[in-house]
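Working notes, beginning with the structure itself.
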């Protein structure tokens, strides 16, 4: 697959077209219908949660939120591919993947409500927290990859970065170390074509992003990131490749951020209606839905029902988050160190004195 | 040239063989014999100075020194190519190139004797100081390149980094910015195959270094860095390319550091005699000397005489450096800011009081 | 303050064709806080532009531009995202002048918003000025009002030294103040006595000035007369103004958002100790952040200095 | 000290199979100062190895390894080359524990040589400990003797927190001391009273301890009795030991190699001011570097604290 879709020729790996028709039967991965349906439902759940998150934020009930709208197939495919023993080292726009690794919506809502409890993903295994400093997380993935080899385990690390993130020095250092150390790390670039307002053509002059793999001596492939099947097949192949000791892979997932960068961004400033309409045609859920419908695996009715059901679940978890106990002073100090310095204890005590005084003033 | 020597095929651009015979007449640049002879003499001067620098250091008369021995053709070709209006943004191992831009041996000796006066290259134009933090200088070259475009000038920036330096994030960011901004910057990687003790195969898994250019959408070429003609032709072409507004170029100059990393390094720890002997065959001065000799442009006698003459000149400049006045207290403060803070003046004054006291104690 | 900074940039762009402005989203969009809004439209893409997403490159290329004669004013998006550029700042922006014995200068400004209190997520609320103040070879400026922001930024752009210009984003839009249209400048390295007083000196800067002023209302009701000094410049520190004031009041409190240990407040304490030792009637009080990562919004109120907290500390100092 | 550090590494490699060591030239060559010499031969390439030349990656991958259960001990070549890794240190190594509410730890050590006095060129002589001390979430350790180096490094490797371990390269080979072969540890966060005295307290660490000790010989001849405290740990600071001593002697001087402003000495001054105010008989004296880039060797003697200079300052404090 990697040879066939040599990124230097700027080919793109795609399985279904915008109408959900299979245009590449040879490349189509062998997944049971059931699994495809499950994937679709997961993506639908993620989209529902995502849309609701944006509206909670608009209602002033969360501080910010980075929408996934339009990019769900990347996380959706990844969600099906990751095994329990695989690691996920995320950026900040992969809702479906986080959920698949055991993060809950409640965690996320807490996080975006500014409650640190949400950063921990307490019940998720082998899932790192959301990483905000762009591209810096890729190096953690490589370190984990080293540890996997060191312990002779068979796990694989999936790590994600945006198109903008490919410009950072850490992107380069991570891919270079990964290839030299031959670690089982799959680098997924969600090329949603913007870094906030900056289009990818101002980000790099290379023919595409997958081609950057050549600089590190690792395979790279450009994939239609709005095509669930293509993403699934590419991730599957990469996982197998890495598990078998062949080292890292770079996957460019070409997608489009239909929403705003975060809830404080206004995309009309930097992109046109035409562009948005063009990309609307490629919507990953629409395409997969049409595929399923054509195969009589799913219907409009079922979809509407599911959405209603999902909304309730999302609201339920949001309520839980909203009704979580307020954070305490000690939460500010408790986790700073495994072994807390005396000084922090004193700072906390001193502040408690102030709080007492404050109370006494009322 | 860049198409023909596509680095992805791992071809190397070479004009003369180890015996100085032209093996690629087509590629041979049109330089007058006189100029070739001058280039050889400059390289010989650099080698003489370099060898003497190492011995001054051994005598305890300089603190450290990074030998150029074996890599002289890279700087030697560059010295002939750079015009007055071109900039040089160096690393720390390009003696011949610095001299061509107007740095003096005296400057350099002062520097390696720990005298800041030597860092300024006071009489050199468009030459940046030696840059120690690996790869960081490449970004300065790109900034200068931006300024050239901004002012619609026709200058070109040459900048140098080692093979080890290609692993740093700044290497990546510099090449990426250069290509996006389309600045006239020629990146020259002196691939001398080691970063101190670390061989290039532990530095990157890519087929070669030139191929990294693909990641940035700029031309790249792998050149025999011990072949003066090949370096000359590649640099010449790159200069023309950049001057004509086509943006940056990456040149990998394959060479070998015959000496130690610096005078505090012992290469026998990490490389074999066989390896050293193999590379001795490719010595850049030897090859060019044989070429000149075959063309009756130069002789052993002339060479010996020149070396004697050069030695005197090197010694003279070393003496000058050695007899330079001692640095003064004010040198420590004077250049910290264009507009010096009051506090620094006070610190200087306070120290002067101490010096007076100290004197009074004797 | 956003307006005032924008205005200073516009004035200098018009003034000096060597001034260029860039950073992530600084061009088309006008920056994440809209500080550079409209400037690309007015001055074109060569002078005000978007850069790829890489802070080291933004600062490193500015060093090169400055060497070649331009006066770059670069924007980094948040104090928490300056760190990838740390090497370029400390190893080059701060040193080229010294290293070349004055042959090359680096007249460049590195602007970024800093500080908490805006309900932002991790990495978006920090204050790390003492780290920059500790680096020899650069100057560090923090305005506390729109008026100062404009005058100080113009000085920063005109300075031949590298200037770190930290903008208290909490008051980006919170303080309304008429700012003169014309060009004026405020010198770097001079603190300002915001209000004179006799009982205690408070040194602060940036967004903390406003908080202290609120605390001063409470203090007044208790008849405590506060002399408030706005530092304006973190380095070089205006020792003279601080020392003079402390010699008069005998008491000193410093209010900052930084983590406490090795912060700006420690330095000012040391200055008072060195130069006004015999005048001090009470220990100098540091009212600063805890030695923790600035908490997320749900807990940030514990971290940030409030007027009440400042007043509480002030009373304690007065009672010593 | 090189031997002692090497010995500590060897002990921990033997002790705990999760310990891995890497860095530029740290494997085959044993590091530029030969601190890791022989370890690859003994423990193999998987456990002690060379990395590509990229500091951010060295620290960033260590964060990942630590999360996955290893205990990486990474070497950076000089204090002046840590900066490319600054973002990984401050944004991740210092925060993963807090960010995951203790779910993931980062038991890792970042070792590097620091300090002047070895006739090195630019970027090879700096001391920037206060910057690291100011970062919430990490600990910063500096030994002053081979014995301490071994014991402190063992503690650092065994710590579940990220520890910055700065080695005073000036005394790498200068101090000869018998160091026990067996494993022992010295707690992080505890200063040591090196010698008791009654007239003045001097706080120092790293290579400055030896200089102060030389100055103490001169002081003794003038009948000045000095209490010398070796800080050992920059953060967390052992306030108790400092304050107790100052309460006894009434005078305090701090000797460091750092630039003065916003340095460690300022913090210790602030501590004395806060906790021993009524005991102070003279202003606390900071004996530190100038606020300049450490000069090249030809001028470095102006910058470094010498026994004479320390004695000179000491006498002035005593005369206050």
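We call the chains A, B, C and D, going by the order they appear; numbering starts again at 1 in every chain.
Throughout what follows, a residue touches a chain if its C-beta (ideal position, glycine included) is under 8 Å from a C-beta of that chain, and two chains touch if they have at least 3 such contacts.
Every value quoted in this text rests on a predicted model; they were computed, and no experiment measured them.
Student: Looking at CA centres, what chain is most distant from chain D?
Tutor: Most distant chain from chain D: A.
Student: Where the CA atoms of chain A average out and where those of chain C average out, how many Å apart are those spots?
Tutor: From the centre of chain A to the centre of chain C is 35 Å.
Student: Could you state the distance in Å from the CA-based centre of chain C to that of chain D?
Tutor: Those two chain centres are 30 Å apart.
Student: Could you state the distance in Å from the CA-based centre of chain A to that of chain B?
Tutor: About 44 Å, centre to centre.
Student: Going by the touch rule set out above, which residues of chain D reach two or more other chains?
Tutor: 52, 54, 56-57, 80, 83-84, 87, 91, 98-99, 122-123, 136-137, 235, 237, 261, 290-293
Student: Indicate the residues of chain B shared as contacts by at least two other chains.
Tutor: 116, 119, 133, 167-170, 173, 176, 180, 202-204, 336, 341, 343
Student: Chain touch graph shape: choose line, ring, star, complete or other and state it.
Tutor: Contact map by chain: complete.
Student: If we count contacts the way the header does, which residues on chain B are in touch with chain C in the complex?
Tutor: Touching chain C from chain B are residues 87, 89, 116-117, 119-122, 128-129, 133, 136, 138-148, 150, 169-170, 173-174, 176-177, 180, 334-339, 341-343.
Student: Spell out the residues on chain D that touch chain A in their complex, using ranges where they run on.
Tutor: The touching residues are 20, 46, 51-52, 54, 56-57, 59-70, 72, 84, 87-88, 91-92, 96-105, 107, 136-137, 139, 159-161, 189, 235-237, 239.
Student: Within their complex, state which residues of chain A touch chain C.
Tutor: My answer: residues 63-64, 111-116, 119, 132-134, 164-165, 167-170, 195-198, 202-204, 264, 269-270, 326-327, 329, 331-333, 336, 341, 343-344, 347-348, 351, 354, 357-358.
Student: Would you pull the chain B residues touching chain A in the complex into a rising list?
Tutor: 8, 167-173, 176, 179-180, 182, 202-207, 211-212, 214-218, 247
Student: If you look only at chain D, which of its residues touch chain C in the complex?
Tutor: Interface residues on the chain D side: 56, 80, 83-84, 86-87, 90-91, 94-95, 98-99, 122-123, 128, 130-131, 133-134, 136-137, 235, 237, 258-259, 261-267, 269-270, 272-274, 277, 280, 282-286, 290-293.
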